[in-house]
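Naming follows writing order (A, B and C), and every chain is counted from residue 1.
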Amino acid sequence: MRDVSMGQYYPTKSIIHRLDARIKLLLVIAYIVMLFFIPTVDNYLAKGGNLSDYVIKASCAFIVVMLFFIVSILLSRVPIGKVLKSIKAVLFLVIITAAIMLFFYSGSASHVYFQRGIISISLEGIISAAVMALRLFLLVIGPSLLTLTTTPVELTDGLERLLKPLTLIKVPVHDIAIIMSIALRLIPTLIEEADKITAAQKARLAEFDDGNIFKKVKAMLPVFVPLLVSSFRRADELAYAMDSRCYSGATGRTRMKVMRMRLRDFVAMFVMAAVFFAVLVFVYDFFGVTTLLVNLVGIAL
Amino acid sequence: MCYYIGMSFINFDNVSFTYSAGTQNEIRAVKNLSLSIEEGEFVALVGHNGSGKSTVAKLMNGLLIPRTGKVTVNGLDTADKKSLFEIRKNVGVVFQNPDNQMVATIIEDDVAFGPENLGLDPKEIRSRVDSALKSVDMYDYREGAPFRLSGGQKQRIAIAGVLAIKPRVMVLDESTSMLDPQGKKDIMDIVLRLNREEKMTVIMITHFMDEAALADKIFVMEDGELVLSGGKEVLKSPRLIQNGLGYPPAVSLAKRLREGGMDVGEVYTDDELVEEICRLL
Amino acid sequence: MSIVIKELTHVYSPRTPFEKTALDKVSFTIEDGDYFGIIGHTGSGKSTLISHLNGLIKLTGGSIVVNGIDLSKKYDYKKLRSEVGMVFQYPEYQLFDETVERDVAFGPKNMGLSASEIADRVEYAIKLVGLDYDKIKNRSPFELSGGQMRRVALAGVLAMRPKILVLDEPTAGLDPRGKKEILDLTLKIKEHCPTVIMISHNMDEIAAYCNRIAVLGGGKLEGVFTPRELFGRSDLIERMGLSLPTAALIAKKLRDRGVQISASDEDELVSAILNARRASHA
């Protein structure tokens, strides 16, 4: 798919798609912050907690987050495969991080199963690795649901409106937003053009994949120079076209699509707040909920 | 051509324009040009590439400001910065390359760009965008991306983008030159309808003589100078042969038929020619 | 020597939801000395077809033999690409080097020719496209006029001394004078490069310059015709979403009005009308 301007957007018209882009941005930020409230094993133990408490607290918190996330995906009607695809890019990172945690856990470990040199496998290491992998996984996959359900245009628009207060401290929010939106608009055109120029230079026997990096860069010049020239020409013409259509910056400009908060946006915020609260309840043992759970588990065992 | 200043809707009074003035690459694109365009007219401005005709388009709504002389639109001077907004509300321009005049990634958002700049109420913008898209028969595409459209369709979006501003004059600066025959025809049909039915002033800048044959008033430029101007009779001027623009096809065919002894009357378009031949047979 | 295309088939993104058949069992032959036209609506497969001729698109179905080079076997692509010169739409947008001379030398240099041979070819090509070699060779291609830039780009391909020249919309965006100059130039080029293949939307150009014309529609070949055969078939032209040359169009409009006239060029049209006139007044 060449249409970069649509990014990963997967159109289904679901309720998640129809949420206000500003709200979606805020929710994703809240979601990320929430993930960081779930402590790592090291941190928890360092504050004097014990391992079995940690396991119960963390798993409760993760279960809540996962449930929230799974329901969101189901509501968005985006195929689960599409959502999981984004993890591919960082899979390597996740595996490496988890592996380091697993084999080189350095904290004080209660149960060590294997030790040779600096390599040691311990219960704490295993839990650490699992928590780290889960956290990274959720961290990457959450924002990807945002880009799957929101077009880049909506995102830029949402960002512009969210950041609007910054104009008070002279941040050119509108200019940044229009630059982003024009970039989105021109990227597919420029990619197409780069393809055409490449074909034309190949027809003149240009070689692009020979030799070392310097040779390669030099070989790209016959594509890069015309592309640059044409970008300038396009920018020039676009400026005329915008001027001609009465563009004079943000002042006096209105928008056709008004972003208005609807009931669903308030519901979404409420749900997010509830999930966030639930995570805090489990992690910090508010109202003794976790203690109660620990005891219940203890009785059951 | 003797109009009182302020009477014509667009007025060029002895206008000259020079690119890169004062450098060694100085190009005098327009020289001492005087012309006037009335409301409701369908005007063709023809000339070769480099004859200065596109510069004239940009002078018409203050994208360029004359070096000497004066351009007025509805009595407002384009050199007066305070008038520019008002002038551009009245004179919209559709440019040559459809890819270089779209600002948004969604068609309806692009059409909305102009009215949004006017600061209109969102409901008014929506209704203008919808009716502009319907007018160019692209309403069904409104939520799509321009990326996959044909050149002709993109150019129709560009026209809609101008229509949504509701200007009184539409300038088409070689807007058909990159299109295939179907795209060209679609644009010409829309433009003719806008002029005939909605009384919009249309200024077609082109080097296609068959397009010029549809206009009521024709200006011919060579090397920055206006060399011919007038009604359709301009299309028969031998000067068009000398400068290589050529006659519209119907004009040259009619000429040859007359040389063959057939008494063909005044025709400028293919349909007029066909009509005339049928009459004579 | 010729181009023999048999059962050429090409599918983009095969076995995906975006699968699209661009060419479907296309077979025809282009002979040495042809001024061969290829016409078809946008998306008919024209570009895919010509990109096969110099190996820019890898052959995946059917066979192509270009001047004895069999593209379905292992072949020397440098030899193929210098034999088949390809001039894409708006070729002036590929110019990149500091001077005209260096830009035109790009192809010959990539062919691995000697310095003196390169210099000879650059001079030959620049002169062939009708530019003043001494005046223009040291100028930057970016400060030339549009028409000059297009000629320089054309020279860049001709300097490889191709035996087959493929032109994709060579007159796009030019004014009437520029169009005529480029088209007449192709006739001059044809004395050096015997086979010319042209894609064009402009049927007047196709009718006036091509001796044989292939019509593509939806990836299928509708046939190869002479201009007279083709523009006599207004049904086919219409079905393909193409337009008729001016003379044929006016003849068709007259036929629709009940005047029985056929013509494929302006001379024929004028004499046919004059004859009809004489007949009706006899």
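In this text, a contact is a pair of C-beta atoms (placed from the backbone, for glycine too) under 8 Å apart; a residue touches a chain by one contact, two chains touch by 3 or more.
Predicted model only: the values in this text are computed from it and were never measured.
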So the chain most remote from chain B by C-alpha centre is A
Counting only C-beta pairs in contact, which chains form the busiest pair?
A-B
At what distance in angstrom does the C-alpha mean of chain B lie from that of chain A?
47
Between chain B and chain C, what distance separates the C-alpha centroids? Give it in angstrom.
31
Would you pick out the residues of chain B that each touch at least 2 other chains?
none
Residues of chain B touching chain C in the complex:
25, 48-50, 150, 177-178, 180-182, 185, 207, 209, 243-246, 249-250, 252-253, 256-257, 260-262, 270-271, 273-274, 277-278, 280-281
Using the touch rule from the top, collect the residues of chain B that touch chain A in their complex.
58, 61, 63, 85, 88-89, 92-93, 95, 97, 99-106, 108-109, 112-122, 125-126, 129, 145, 147-148, 161-162, 165
Quick one: in the complex, what on chain C touches chain A?
18, 51, 54, 56, 78, 81-82, 85-86, 88-89, 91, 93-97, 106-107, 110-111, 142, 156-157, 160
Interfacial residue positions of chain A with respect to chain B in the complex
3, 5-6, 151-153, 178, 181-182, 184-185, 188-189, 233-234, 237-238, 240-248, 252-258
Chain C partner contacts - residues on chain A that touch it in the complex
1, 193, 196-197, 199-207, 221-226, 229-230
